[in-house]
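Below, each structure is written out as structure tokens.
In what follows, subunit A forms one complex with subunit B and a second complex with subunit C.
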Partner chain A sequence: MTATLLVVVAFLMVPVVLTFVGSFASEWSGVVPSGFVTLQNWREVLGLAASIGSQRSMGWDTLFSLGGVTVAVPSELLFSVGLALGGVFINLLVGVPIAYAVARYEFRGDEWVNAISVLPLVPGVILGVAFLRAYPNLSGTSFGLIVGYSLLKAPFMVMAVRSEFESMPLRRLEESARSLGASWPRTFLTVIVPNARSGIVSGAIICWTLAAAEFNFSYIVWAKGTQPLALFLQRHISNSSFTKAAAAVSMFFCIIVAITVLLQQVGSRGFDTRG
Partner chain B sequence: MARVTIDSIRKRYGETTAVDGVSLTVDDGEIVGVLGPSGCGKTTTLRAVAGFETPNAGTVAFDDRDVTNVPPENRNVGLVFQEYALFDNMTVRENVAFGLKMRGVGTAERRDRADELLEMLGIGGMAARDPTTLSGGQQQRVGLARALAIEPSVLLLDEPMTGLDAKLKARLRDEVGELLSALDVTGLYVTHDQEEAMLMCDRIAVMNDGRLEQVGTPREVYESPATEFVSEFVSLDAPELPFVQW
Partner chain C sequence: MATPGDHPDGTGSRLQASVDALGGLVDAILDPTTERDRERRRIVALCAPFTALLAIAGAYPLAEVFRISVSAEQYRSVGFSLQAYETLVTDPYYRTVAFNSIWLAGGTTLASVGLAIPIAHALEKYDLPGEDVLVTLVSFPISLPGIVAAFMILVLLGNNGLVTNVVAVLTGREPIDLAIAVSAPGLFVAFCYSMIPRATLILRGTYAEVDHAAEEAAQSLGATPWQTFRHVTLPQIRPGITGALILTFRTGLAIFGTLIVIQTVVVWTLQISRELSTGYDIQVAGAMATVYFLFTFAFTALGLRYTDAEVGL
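Then we have the complex of A and B:
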């Protein structure tokens, strides 16, 4: 049992670890990379090395200068991280109330609301084309991408939060708080939402990760300017050596881990109403 | 605490009538058990008193104040559920103090009153704990403390002991029974367990199919059931009721 588990975990982890290790190699022609240790791949991916051809700069901007030391941030990269976070933000505002309504109330057409909230599980290509047709003005804009991400990933938020709501005595919690003197909005914000925090946090993490990696929709809707993460990744994989692709993938992986940790932290602290 | 007067309330959901003209008075300081099989309308009656259901006809009054259309947050009722329904995002103490916080009571006073109640219920040492780490019996005590903290006009208990094991149930029944009579609580105690109702309540209202079958002291209901239903339901599986203590 334990052995099986170890084998499975190892099987899943080896490619990730190998890629990460490979990103510091200068050559990777066989199974195992060689020529350690170089930071050249990471420099090129991060746009710190002199760029050639498709390797555009990542828009390093000076954050602050202090006594000769200049700290710069890859503003374009942050911007594209923000695109996916924007989608998550919309999903929180829209998805949590929908999940609550479907889990808590029986109303005419509740299964229709449920079905419609899961409908955008269509592939990004389809939504992307339909989106461009319906809102030509939004094509290529950041706002268009954010709205598209939120539409595409909303079902994951609704499903994660709804199952959390359904696993707790939602109606009893609400009635307890109401009888103790809390108005409905106050009950919702100080009791219902904080009690569902684990579902909300996991929903946000799933939405962000999937939005950041959404290639199809980004490919169709994006036109110019700051590149979404998925396109950035694709550019580095298709036009580069193995080792540089490994660096790009590893960087993506690091960003995902960082955002996941960040959302977890915000989730556990942000809902803390003690004090 | 207050006297609760339920006057011929009727509640219909589409075609089905859940409560059909129920009238019941709970005197100040009295615990009345509402006993009946599931689906008899006892929970709907309780929810109408709490304010979560507006009856299609009839009124609910606390003392002389008609509360039929008053929203639940302005009724000052305490609720205790079978599912405990504790707020997991707060400590035990914060759960108990929640109602006081909603009423604008200051932090220090909230804390003192919450601790006092927890002490009284025998879980004084648990104030700083996360409610999910407590046992079922302890959680139910927290639920009771939370409902009592607001000094409610009426305490509504919806199957509070269902789901606890028999031994714990017996102990909690004694303790809670004593506490409720010591505090002079006006209470409506909904249960399907005739033994529990007989031991904890001053009077029992037996319900069936949305109607009241009989209201009386446990002894009256047991010894001279008014209808065949009452006689069957009350004596069903309680042949060795401990009547010695009366």
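Then we have the complex of A and C:
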């Protein structure tokens, strides 16, 4: 059993490590990459060095200018971060209440509500086709992408928040707050939700990462303009040299790791100051 | 729709009764008087945002897709025609595509869940050093999209892939002949790369609920580890395994990005994208989307209804 575990971990992780190492090599035509250490691949992917055609790298957008100092960020990165955050925002609005309904109350059809909210309705490709047909003008825009992401990733939010709710003494919390004079909406917003923060934060992290990495839906509906990150990755994997594709993929690894750590930190500190 | 005259009176009054009941429910929600009514109103309010998103982003677009798939004209939803479905049924090409989808998703599901059982067992039952790290490493690929999984397989099994070259050195053959990344087996491995971590996540949840006392009792009564697993642990995790099979199979059918990078086997999702990119045949694409939706809905519903499957994390 342990051997299987170790073999599978190696199968999953060896290519990740090799890709990361390879992204700093100038050549990777043999078995192992060679010509260390160069940052050229990273520079080209991030748009710091000139590149052309389908291997084109990221553009840069000015984030803000302050007293002559201009802070710019790669536009594809910023775009995807924003889209994924928008998706998470909608997920919070729709996911937390329904998770509470399923965890707290018993009502006719609650099994169905539960199943529908935690099972992914359709895969990204199908939803993409549906969006193209139903909202031809809206589907390729940022708003269309955000709405699509939020529907695709909602089950993960509901699951994370629901399991948190299920571990809480909901009825007791609600009744104490009500007996102290709080209205029901107030109880829900100021007692129940803050108490479930760890589940909500982990749900938000999962949804964010999955939305930032979304490819299938984006591929079908995206038409023009700044590309979501996953499409940018695909362009590099299909068109660029192996080392450069490795740099693009490694950059993505870094983002996933960094955001996960960051959101965990914010989640455990930011909310605590209130309670 | 049937007119009232078609029905015997009994049905009509029952219909009337349920309309009244519905009206009563609406009244209760808008102007609750009892605590029970207030609770109902809360449940409706809590479910409303999700329902709105589901209707706007899910149900309406899917209905539109279904509408165009039975339209008599290609780009406008008018009339009724089953032309697109006829194409799907009669053209042997689509049968091959459907067959490809089923065996690829089915095979990788069996392999992934088969591997996930010992992994989850090892993670949950043994006190391994660095267990948290192992859990993180196994879970990491869940957030990788299919295109990245495909790239990982190119790194391992491509022309200058690591495994390819190790095998080439061992057997003395040319790496070019051994590279299987861009082939059906390579695709199979790439699917597993995405699906093993997901199956493991589901089964770890199942294992967390296993009754340890019963296992310890079996052990102390002299059962071997295998006997304990076979007769005590397995019956407890079986619903979880069935649930994992259903969910992983759904994941396998939905994979698309991997196929964009490794285009060797045409499956249902890839074909839908091709219908749109070559000639924008929205009708056939819509029909394929409808068939996909009905198929996954049907087998999930039947799977959950007629097996002891438990779905959840």
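In this section, the second predicted complex is superposed on the first by the 236 of 275 C-alpha atoms of A that agree within 3 Å, B and C clash if a C-alpha of one lies under 4 Å from a C-alpha of the other, contacts with A are read in each partner's own complex, and residues count from 1 in each chain.
To be clear about the criterion, contacts are C-beta pairs under 8 Å (C-beta built on N, C-alpha and C of every residue); 3 or more make two chains touch, one makes a residue touch a chain.
Small disclaimer: the values here were computed from a predicted structure and weren't measured.
Partners subunit B and subunit C, brought together by superposition on subunit A, fit side by side with no clash. By the touch criterion defined above, A:Val9 reaches subunit C but does not reach subunit B. Of the two partner chains placed around the shared chain by superposition, neither subunit B nor subunit C is touched by A:Leu138.
Rounded to the nearest 10, the angle at the Cα centre of subunit A between subunit B and subunit C in the chain-A superposition is 80°. With both complexes superposed, C is the one of subunit B and subunit C in contact with more subunit A residues. Look at A:Leu173: by the touch rule set out above, it reaches subunit B but stays clear of subunit C.
By the touch criterion stated above, A:Leu78 is placed in contact with neither subunit B nor subunit C.
Applying the stated contact rule after C-alpha superposition, one finds that A:Leu127 touches subunit C and leaves subunit B untouched.
Touch criterion met: A:Gly181 reaches subunit B, while subunit C stays clear of it. Of the two partner chains, subunit B is the only one that A:Pro194 touches; subunit C does not reach it. Remark: least CA distance from subunit B to subunit C after fitting both complexes onto chain A is 6 Å. For subunit C in complex with subunit A, the touching residues are 38-40, 42-43, 45-50, 52-54, 56-58, 60-62, 64-65, 68, 115, 118-119, 121-123, 125-126, 128, 134, 137-138, 140-141, 143-148, 150-153, 155-156, 160, 162, 165, 193, 196-197, 250, 253-254, 256-257, 260-261, 269, 272-273, 276, 282, 285-286, 289, 292-293, 296, 300, 304, 311-313. For subunit A in complex with subunit B, the residues that touch the partner chain are 168-169, 172-173, 175-183, 186, 191, 194-195, 197, 271-274.
Subunit A contributes residues 1-2, 4-5, 8-9, 11-16, 18-19, 22, 28-32, 90, 93-95, 97-98, 100-101, 105, 107, 113, 115-127, 129-135, 147-148, 150-151, 154, 158-159, 163, 184, 206, 209-210, 213-216, 219-220, 230, 233-234, 237-238, 242, 245-246, 249, 252, 256 to its touches with subunit C in the complex.
Subunit B meets subunit A in the complex at residues 50-52, 71-79, 81, 83-85, 87-91, 94, 98-99, 102-103, 143, 146-147, 150.
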